[in-house]
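Paired with subunit B in one complex and with subunit C in the other, subunit A is shared by the two complexes that follow.
Moving on, here comes the complex of A and B:
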């Protein structure tokens, strides 16, 4: 089922990708403008499902690496991601038949669409993270044995660096990040060259379509003045993610942030409507753990990474990033469970709670305490 | 004595003030030429309280003229946007996300050239003077009347914008005005560049309008200096206003808030300004409006210059009331006096509810006598709840904060808001905007990246504060009255040498007034 994306589809994907960013991933705005301009200029964004990718096809993952806050100031020259793709093709001696997004959450939902349109090849409906994560080794491709390198990282000058670390994806991440900083803090990568068979085995399938369905559900609910968050939850139920519930509805009462090791870290507090409880969310670029704290100070984990903890505007249903969170916002925190491929022991070794410095094991969202009955906003 | 004038789209309001005391206040219709409206308004003022034009020490004008002209795409000049950042940034040229009608109204011409900086201050590429000269020649050929210059990371380092502007000025002559993005907006290239382009597009109108203000006053025998109110609530001199008309864009809500503060005597409060269609809620801190930290869309153009943080909800005097007692966001707007029930119309509006609830007297109350009491109570409660929620959203903490209600539609509000306590209702709010304009305070600001070596933080902070105070004094403030009203220190991640961006604003009373 091959689809051609329209300018309006891109609007929907941007909204959905914001939700899948779980607080991080960067605002998709600049990426959305880039892809929409490409479509208006006559390029075509074609999407295919992983099942339609031939086993022997060559597939390459594409993304922006670095700080999304740099991208809003130093806009790309335009073909950085394509240049990385071309250089990687030269290095491996194969031509890419398809591009696959590395990360569906936030800005990186858009960069692969641009690269694919410029290369004139289809983009695979799926990705390697199923959400946003902060580092390149945190990809299902690598989790299930695909080496990330050779990786190519490119800047606006047309320069590129090839990173080769064998099958060590952690070192690949570390070297590529060092180069990215010297390239100005944001650069564009091609990585995880793989076969169509690898894609079918390792990708989180259907996430581009999921982002688009989230965006469409939010848009239609807003037009019909119905509940956008219920609409998102119902889309989840029909997807491989399968399960979602509202963790809490309330008001933001406090946000603390600091930059630690290049990550935006901090804590967000939400006074829960219709209860005396407070929801406390820790974030490290993305939201990583949510705890419900009762007035006696007893705290209970109600959501933890890799499950998605999505802070949404209660009225519009759109995502609120950790940078744009502030006192007084009315928010609904939606927990979304991860699909099977993201919760195996191998996967949890790479992005389980302990990989984010949490002294906590992962408990699936659906097994955590039933949510408090969310009362309507006063 | 000083005069505050608010030139709105409909009315030109004037007040005569001595200190914080309002000696006289008057309203006259705004005229197409502006000047006539100002003169009529001053006549009204004089009739209420005679004054000698020679005794006026300063005149402050607040105007929504520039923002209206931009939104309506009226009287804009042919602009060229010059962006320094190649080879980066070429993917999204200037005005890429502008509505077509504004692209056409401004000519939509743009140029990309080399220059720009990385986040850490390294050059993306060197500035090429010959390239700028070639571009200037093309601008001249195409009859460009104003230029907006932007450069990547210019809020961190503005040297390329400044040098490019010098070259352009030499090549194009003084008739072409030049706006620098680093003087106007913050980090976020498209938003900052958009603001600079909007400013440039208004440059000819700024000359005409400010010149018109000066002539009207001179014709009236007033020789006192003229100031215009800025978005942040401080004043700017007439010459500065000619260069930065965009600085007036949000002076309407700002002056209304500051006027409310004077009338209520409060320095820290929330202000609810209820109009015909919306209620605008803002927060005053130290008598100045809190600034928005997000991008603000004006006429469909995303900008990121400093604007007051205003939250609007769709509740006003003309809001439609549904059978389920829901209020707004649709409104009869200015047709209130013909369409509302109490005025003989057929539409149930929020004003009808206020009359039925006994909160206001207007029109014919018998025309709303049939309304069910519980229904009226429910609608009143709905309005109070929505406004209370809006105020609560805008608070930055749960500490108690007084709420001041102004605007013609404030009759809709109860005496107490749920969870917020008693509402302050100043008596004379009809000319709050003009009073807000007449507050004679002038500011200085620095916004700069400092390198903070270990153990020197206190010295750097002191240096920044002193620089802001000096700038306020240069702008005309009395040094003894200058105080720091805003201080913000943000360490920049990824940067060596503890680079810290410090923003500091000092404000004082206008000297000699």
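Moving on, here comes the complex of A and C:
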């Protein structure tokens, strides 16, 4: 199942990773261009499934850290992620055999491909988030016992910082975040050094392939003038995510955004077509909760983190990030459920609704969508 | 000239280091108690002069980083500075033969003694600041070409961060500062790994001894009911600092303090005894400029950084930090000139008045104090 990615594959992955970004994760654009240039320059991006990674292999997670919006104005020098990889290898006294994406959603689908191509090693088809999340402790690797540190964070000047917090991934996140801000708001990390056995046990498997399938489905539907969103939902049903449904289709009527505690937080309102209802989505980098509000003001939760609330362009099926949402856009909100590995009690302790300041427990998307049962007669 | 410090020596050094703190650097109290406990527990603090350090020896600078006021409420666990030393040794693949204080002024006179006693190695009698300064690039080591990084910063949890910025000590300061804040506002560093030859070439030599001589002079003057401040000035005259004079004696009439950009900034006003003048001292952690203002409002600079502007208790001769300055205190402001190694063009580029936001060039204290010459007749 080892395969080599083409420039066209990268286009598809970028589209799919935008969808898996669930509003956040940043536009993959800059990363896509860098990876495609690397391929055109003769480098190779090889992808292997987690099952193909030997148990004793050394695997390192790679990502951009910080504000994806910064990357658009402050382009990477190009070798930051590789520099972090090399410094982490030096620290642990091992050479990486594989790179694994930290986060499949958004820009971070691309950075690991670049680092792997530069290092001449394969990328594992999987990641630690199965979507986009805002913080480094929110990774399946950490949820299932892999320490995130030592972590290396590098900038475009060739400087780097090594963070050593043992198995305390929250403090690791805090220290790396502080340095990233001083590095100009965007930096490149290598973290969660682990074995192939760890990868098989802890990664969300197949997410690079899933992103690519999303992108291919969207591309092909657009070529065939068929419904790209139905095509995405159909890909989901054949994946470990398993369930997707359209929460609403409508028009963006309002977006409120502010930066709170370093997060881009706000609310998006959508007038639902063919109904009097309004869909209200709160976001904190990513979309975290969607509520359907009827004209009388009664609201009902219709999707909540960690399930994916994907705001898509109704025509093209491509993702609209929270930053690029504008009044008047015609959007379809697609809910995608999370795979089993992301909905265990251990996982929900790290990225359940309360981790995002919501006063809600998690109810699975498929359960929220089920027809309401009348209360049994007394 | 190797000598072993006693509990009483530590008392004297703490008093002298307070004076060399020139308003900042923090009260040495907590550090003094930790070092004295270490000595009482059987550890040894050995001091050697830079001339005794072999050229090829490995020397590492040690210090607390952050807000000394935090240390009073968040006591160190006790081995943070040693942990940083050990992690830096691992990073550079060498074992330290000596520790050198980063900063003789204030609390940081004590932290390196503790780390050295714990590591079982001697302390070099000298430092990188010759006083207290607020930032890590403000060290003679860096001024004369020793890279500050790799630097290690450790906290009480046993976590640490390695900062690698090559020879860019300003970025090193920035990254280490950001982490220190996340570590709770006070952390412990090992930095500027260097050779014995580097130490001889770049350190401000003999400052631990100078602090101790200051402390002894104050103690003996108090016992003899003689003038402690005259005793300090007399010690200065026999040192590489060379020159001291009383700028003013008076009563504190006003203190304005605010935290700006992480610095404790403000202004201190002193009604000068036996004159209508007011002495106005601006501080930014440390006292940075003193101006004599006459009743008509004409002001004249009478001391400016890097020269030491030391506000001392007129009775005891002990230092009053900018945090502990209060209305009504009777104070004597002693100016102490800086040694040659701290007043070269390279040095003034790093800690001249403009590095503290002052729109002044540096004029040496002894020149400011010289009787004004009438302008020559035309």
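Basically, the second predicted complex is superposed on the first by the 368 of 378 C-alpha atoms of A that agree within 3 Å, B and C clash if a C-alpha of one lies under 4 Å from a C-alpha of the other, contacts with A are read in each partner's own complex, and residues count from 1 in each chain.
One rule holds for everything that comes next: a contact is a pair of C-beta atoms (placed from the backbone, for glycine too) under 8 Å apart; a residue touches a chain by one contact, two chains touch by 3 or more.
Model, not experiment: these values are computed from the prediction.
After overlaying the two complexes on the shared chain, residue contacts for A:165 are found with subunit C alone; subunit B is out of touch.
In the superposition on chain A, A:74 contacts subunit B only, with no contact to subunit C. By the touch criterion stated above, A:324 is placed in contact with subunit B alone, subunit C being left untouched.
In the superposition on chain A, A:175 makes contact with subunit C only, while subunit B stays out of contact range. Of the two partner chains, neither subunit B nor subunit C is touched by A:296.
By the touch criterion defined above, A:259 reaches subunit B but does not reach subunit C.
Of the two partner chains placed around the shared chain by superposition, neither subunit B nor subunit C is touched by A:1. In the superposition on chain A, A:157 makes contact with both subunit B and subunit C.
When the two complexes are overlaid, the chain among subunit B and subunit C that reaches more residues of subunit A is B. Overlap of the subunit B and subunit C interfaces on subunit A comprises residues 157-158, 181. Contact residues of subunit C toward subunit A in the complex are 87, 157-166, 168, 171, 174-175, 177-179, 181-183. Note for the complex: subunit A touches subunit B at residues 30, 33-34, 37, 67, 69-70, 72-78, 156-158, 181, 184-185, 251, 253, 259, 262, 264, 324, 326-330, 377-378. On the subunit B side of its complex with subunit A, the touching residues are 85-92, 96-97, 116, 118-120, 122, 124, 152-153, 187-190, 293-294, 385, 389, 392-398, 418, 491, 493-494.
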